[in-house]
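Think of it as A, B, C, D and E in the order they're written, each chain with its own count starting at 1.
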Amino acid sequence: VKRHRKKKGEVPSAKARAFPKRFSPPGSAPGTLILDPRLMAAPPKLRVIDYDDEKIEEVEMASLERCRASIKDPSITWVHVQGHAEPDTLRALGEMFELHPLALEDVINRGQQPKFELYGEDFFTIFAVPRLVGDLLTIEQVCLFLGSNYVVSFYAGEEDLFEPVRKRLTAPNQKFRKHGADYLFYALADLAVDQGFPVLEQIGDSIDEIEVSLTEGIDQQLLHRIHLLKRHVIQLRRFLWPQREVCAALLRDDFGKFHDEVKIHLRDCTDHAVQLLDLAENYREMCSSLLEVYLSTVSNRLNDVMRVLTVISTIFIPLSFFVGVYGMNFDYMPELHMKLGYPAVWVVIFTTAISMLIFFRKRGWI
Amino acid sequence: VKRHRKKKGEVPSAKARAFPKRFSPPGSAPGTLILDPRLMAAPPKLRVIDYDDEKIEEVEMASLERCRASIKDPSITWVHVQGHAEPDTLRALGEMFELHPLALEDVINRGQQPKFELYGEDFFTIFAVPRLVGDLLTIEQVCLFLGSNYVVSFYAGEEDLFEPVRKRLTAPNQKFRKHGADYLFYALADLAVDQGFPVLEQIGDSIDEIEVSLTEGIDQQLLHRIHLLKRHVIQLRRFLWPQREVCAALLRDDFGKFHDEVKIHLRDCTDHAVQLLDLAENYREMCSSLLEVYLSTVSNRLNDVMRVLTVISTIFIPLSFFVGVYGMNFDYMPELHMKLGYPAVWVVIFTTAISMLIFFRKRGWI
Amino acid sequence: VKRHRKKKGEVPSAKARAFPKRFSPPGSAPGTLILDPRLMAAPPKLRVIDYDDEKIEEVEMASLERCRASIKDPSITWVHVQGHAEPDTLRALGEMFELHPLALEDVINRGQQPKFELYGEDFFTIFAVPRLVGDLLTIEQVCLFLGSNYVVSFYAGEEDLFEPVRKRLTAPNQKFRKHGADYLFYALADLAVDQGFPVLEQIGDSIDEIEVSLTEGIDQQLLHRIHLLKRHVIQLRRFLWPQREVCAALLRDDFGKFHDEVKIHLRDCTDHAVQLLDLAENYREMCSSLLEVYLSTVSNRLNDVMRVLTVISTIFIPLSFFVGVYGMNFDYMPELHMKLGYPAVWVVIFTTAISMLIFFRKRGWI
Amino acid sequence: VKRHRKKKGEVPSAKARAFPKRFSPPGSAPGTLILDPRLMAAPPKLRVIDYDDEKIEEVEMASLERCRASIKDPSITWVHVQGHAEPDTLRALGEMFELHPLALEDVINRGQQPKFELYGEDFFTIFAVPRLVGDLLTIEQVCLFLGSNYVVSFYAGEEDLFEPVRKRLTAPNQKFRKHGADYLFYALADLAVDQGFPVLEQIGDSIDEIEVSLTEGIDQQLLHRIHLLKRHVIQLRRFLWPQREVCAALLRDDFGKFHDEVKIHLRDCTDHAVQLLDLAENYREMCSSLLEVYLSTVSNRLNDVMRVLTVISTIFIPLSFFVGVYGMNFDYMPELHMKLGYPAVWVVIFTTAISMLIFFRKRGWI
Amino acid sequence: VKRHRKKKGEVPSAKARAFPKRFSPPGSAPGTLILDPRLMAAPPKLRVIDYDDEKIEEVEMASLERCRASIKDPSITWVHVQGHAEPDTLRALGEMFELHPLALEDVINRGQQPKFELYGEDFFTIFAVPRLVGDLLTIEQVCLFLGSNYVVSFYAGEEDLFEPVRKRLTAPNQKFRKHGADYLFYALADLAVDQGFPVLEQIGDSIDEIEVSLTEGIDQQLLHRIHLLKRHVIQLRRFLWPQREVCAALLRDDFGKFHDEVKIHLRDCTDHAVQLLDLAENYREMCSSLLEVYLSTVSNRLNDVMRVLTVISTIFIPLSFFVGVYGMNFDYMPELHMKLGYPAVWVVIFTTAISMLIFFRKRGWI
């Protein structure tokens, strides 16, 4: 609740565009690698992990040469590129691991929808990692290449997304290292997919908050929050739909890359992808319902306001007319000279007012 | 009707979130069993029933050892765990019956959507058991494992859900015990699915109540009740959709577990699941329709209020002006000194008022 | 039009719940036959017709023994049970014709959605027969069992639904009797399906009526009629959807029960089921559109009312102020003593009023 | 534009019911031919065209005998029945060309949805021909039977629908006559399908007109026009959906009736059917959008009206009170006797009025 | 933002009809080529490019004879017709390349939806190229014929759409020329599909702008902009749907025209088509949401206005009545002669006003 309180004064910014110019200019050659110049600031970090059943070796700031050495090794190699990869690095990695230029183009043009592509034997997938900070929803992409004995992963966000997997991998006596590269791939995919839960949790909390707020009182601010929420859900859904498809395609495994045990785990991962999409669909409907409730509440309040105005006006406007009558300056107004004229006026006034009030109460207006 | 009357004053709480943090933290190892610490209070109860065509044996508070003994027995074994199972108990049962760790993770992380998973020969299903108490909709899960000659069931709710099945099982001369474990599985699944009917019945009653209320008068309270109802239906539907899929998957029986007679019964169960979903879809549309009627009614009432205000104002405001004219203090106002001035004013007033009233009646405003 | 006129005063009752507690209590044994005690009043009537190409024999109030005799006969037997069948009668018929207990449970639990079930060689279908009397939509079920040379039909409504078929059957020189039991089944199914047309015709008429009413004037009553109509259509659709499926399943005839000539007729029947559903979908959209028009009309009328109020108020409120000024009692108000003061006031008043009127006309308000 | 101008005064009639009692009474024997008695007026005209590659022969008012003669002829025969065919004529034609009684029932019961039925070798299709005259949308049906070397066509509308085809057929040196009966069938179907374009064109024009009107000003009339348009589109869609299915079924040609060249042409025809449906869907969405714009515009105008009322009232009501104070007749009111009292009142009045105006301008109300 | 500012005064024109009479008159012979007479102005330009791995030859204003010469050449030939092709040119090209008359009819009847047609070995596709200039959305079509070693392309727009492809083709050392005609076809299709991105980018920007505007203030103008935007999105979607189908059909490649490498690139193109459609769907939902926010904002503002009116009126109307009472001219009004009468009136006035203000503050109205 606090999070939103402090922003009460300002209007929530609508700058939640999730797609910062993510297409190459129409007509450019396929596989063109151009990095958005605004993103050149921090150089990407390469991290190489080599492991098999018995040993594990991790190099945090690896050079391209180090990578090349690892591939020849029969052990499983995981190369992770953190941050915005420069075209040169990408090209070098592409040659080393035989990654398709069209896939590399997708790596560098961020904001892609989740997808699954098979290039020869190996395959390439993109998953979406949403983050909701304040009112800003950003959707980063995780790119995973799975080869016979290596995984290459790209993540352009800032935080160290894959730390939990690394921890499990380097922990002693882990069964993890007994599995092949496909299990590593699964672990990374599962981690990426599960990132959606905290974001949907946040959105669910916001919906609850707004529901409570709606019963307390409404303002324009609330309207913009509901709209923003709906927008977030619409954007999320756009990424969760194809993500479900990607998981389903992996599970189908028409290409025989996954061992049976890993397939059972992938089923779990697909299940999560389906649940995320489901939740998003649910929240979208709830946002629509909130908007309707908002609109109805506004109408209700207008009704309240108008009822008060009407009650006051319909009581006093006739009375004003009445006293106006005896404010006229005609020479011959017999009532004015009667002794009981003035009290009689008060009697009429009270009678009128009281019968009006009774009428309004019967109509349920007061 | 009474149920809602007493809550007239307070706003219905919106705390109907059906999913209390139901995911393991992203990146945790698959199959991790962590029980929500808030739920440790009451230890779960194990109940073991061993039966075949001739005999039946029931142990209400069974130990794990008792379970182990039952399995070896060729008779059909039904182990039911009531309440929140501790990770240790789960792991022990998992080893005994060879339940998959991912399935056990689903058992402990409550709030899962209905699902159907095949692990080797055996399979695992989750069904949703909704309960609507006052304004709070909770959805508990029933987990069922079906093996060659055993059924393991978990139910985290408080009431003794499976009592009717136990009664039918222990009754003398029952044909029930002549069937195999698949029939027991069907009986439990059918019972779980049918739990949806009373809840939808409640919701249907609420819709009827609200419809009647809408013809009588409206308030903000009613709006929140409609919204809450819609929310309930949206949530229910989220669980009824996959439940239908689960039933359909069981009916397809690609794995040859069910006898023909049981399949006919499963068809009946699937039919119920379809009807539940259908009803929920229906109710959702009706809730939307109710909201529209609510909004229209609010508009109608505003119209009524404004019509009264307008009639009163348009009659008396001109008249007030008129008598105001003769309240002016100009030295030379010939009308003031005419003998018939005052009566003439009254004539004008009545003529105006009456022609106004005629005008309004012609417009249909009074 | 007349039908609705007489109800102008009262609010249309919303008691159109089409499903009176139509499920057995959760957990009861499958195939349990319990008749709703409210329905025991009138005992059901059995009617047996035996026919082949050459002869026809009809017994109106047949005993169970008579039925049993008919079955053994190689001619085609049609047993029709009119009214609420008692469990005992049902069980007896079930044994005679080898009807499945689950099917009999559906016969006794009225309000089932249309369905099609195959039990061994024979099959069982339910069709929905809607009736719209005043504001009350009831949906009765017709149950049909088709065996090798018999048809068993159940209808719980009051009227003699199948009279037209009986007439065609008993008419001399009919080709009807040359066909087998499958043709009889088709004739009954077709009759049941076609019952939907008059009801949708009624609804279509109501939509037309309401459309005309909307152009004439609106009240709260009209709103409730639109809502009721929409509700009827939603309920109907709930039964027409599965009915279409049933017809399509019959037409597919995976079980080889129907002769080619009968299949051509079934195609016609399916066509009608599709048209009914189509019409219902259409009417639902029209109801939504009507609601929108209603809402817009209410807004329009509010606008009209407010325009009148505004015109009157904005003309006379400033004028009232103006004459109020010269009603003040200051000692030194030079205007009051000018000879032309009073006429000047009138000039100002008329000028103001007329320029206001011109302003309003330009805005299009009068 | 002109078309609608002249109707400004009257409300557009809603009598666009497209289905005039188009079902036989439930329970009547299948294949019953009863002509709606209102339609008996004009007898139908038979037109027979016999052609092959070399010769063509056309008889405008053919007798049934002439038809019979044509069939035996190996050349291609096209029999066209214009107007409402009497049951006797239908039966005679049915016998001649072996048309199925159920198909003939569809011919006589007008208002059928487009359909495609295969009877043995030959087939029967219905297409919908919409006409929009003023506010009245009528949907006539074209029935086509295609046999090995004949086409029988029925059209109940008044105009000579198939004239363009006849012209192409009788033109000298036409390639048309080199094709078989399937090409004639295609030409007729294509003509029938294309009839939808002008109607949708009209509807599109109306949408444009209404859009322009909405920017100019609104009235109740406009609301009814939008509603009527939406209704038309909903009705059209109801016929265009199955028409697309019919075209798709013809294209699939599971029955091997069409030559390859004709199939390519049928693809074009199907394409048109799809485009029609697409346009109708589009227009439906636009109508919904128009309704929303209408509603928003009404709200906007209400806002304008209320703003004027509020500005005038809030300026003058306090001032009226103020001058009212000095209209009181108390003996001891010192201000009344001050020399500067009256000018001071005017100063106060102007100050108040001007500060109010500034306040309103800041709020953006004036 | 600037773009729209200058149009503030005028209402955005609704002349965005995307289909200028694009059907031949119903009943005209298939393959009739009639050019819309309004379009005859500028003659089309033929551009012929002949290339293979080693050489490239480009003729900018080619004659039909030049084309004919190119075809016989075994190198790859690309004929591009820019502008509105005359029927004669079309027919000549049709004969040269054996293009089907029905396809040529689609080329000349602009405004076709994207489609894919196979004629014998070769195939024909239409893609949609949207342009959004100011408020006018136009959708031009690109027609592509792919033969064994040629591509014929038509584009009726004014700009030189395919310049980027030509540049890549004529650049030295390009791998482009190593591929076959299928790659050229892909490059043109990809370019055509990608034209959608800038338009959707514009629409996305407009949505953002409007969102910001909605928080600042609203007017009728904004309403029409939202409606126009929605209309644009609806129209776009109508073309993007079939375009996705076309891409999917190309990718399926049931006819074995594409090399494996080209298929990988086509996958990328299909991916873009899907993303475009997705974005359009997204934007449509956002437009709906904007309309709801607009409507809610209007209601909110009405509320604000009414609250001010109500507060002012309910304070001053009773007070006016009160001072009116003492403006009456009765002879016997004892209060008028009391010394403290006048101050007492002021006390009453202030007390009333202040308690009213407190009441309104408690209600949250001020």
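Operating definition for what follows: contacts are C-beta pairs under 8 Å (C-beta built on N, C-alpha and C of every residue); 3 or more make two chains touch, one makes a residue touch a chain.
A quick note: this is a predicted structure, and the numbers were derived from the prediction, not measured.
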Quick check on chain B against chain C: do more than half of the interface residue numbers occur in both copies, making it same, or fewer, making it different? different
Calculate how many whole Å lie between the centre of chain C and the centre of chain E, each centre taken as the average of the chain's C-alpha atoms. 42
What whole-number Å value describes the gap between the mean CA coordinates of chain C and chain D? 26
Identify all positions of chain E at which a residue touches two or more other chains, and write them in rising order. 295, 299, 302, 306, 309, 313, 317, 320, 324, 327-329, 333
With touching defined as stated, please give the ring order of all chains, chain B first and chain C second. B, C, D, E, A
So, in the complex, the side of chain E touching chain D is made of residues 11, 14-15, 17, 19, 21, 23, 25-30, 100, 102, 113, 115, 117, 119, 217, 219-220, 223-224, 227, 230-231, 234-235, 238, 291, 294-295, 298-299, 301-302, 305-306, 308-309, 312-313, 316-317, 319-320, 323-324, 326-329, 333, 335-337, 339, 341-342, 345
Seen from chain B, its contact residues with chain C in the complex are 163-165, 168, 176, 190-191, 194-195, 197-198, 201, 204, 208, 211-212, 215, 264-265, 267-268, 271-272, 275, 278-279, 282, 285-286, 289-290, 292-293, 295-297, 299-300, 302-303, 306-307, 309-310, 313-314, 317-318, 320-321, 324-325, 327-333, 364-365
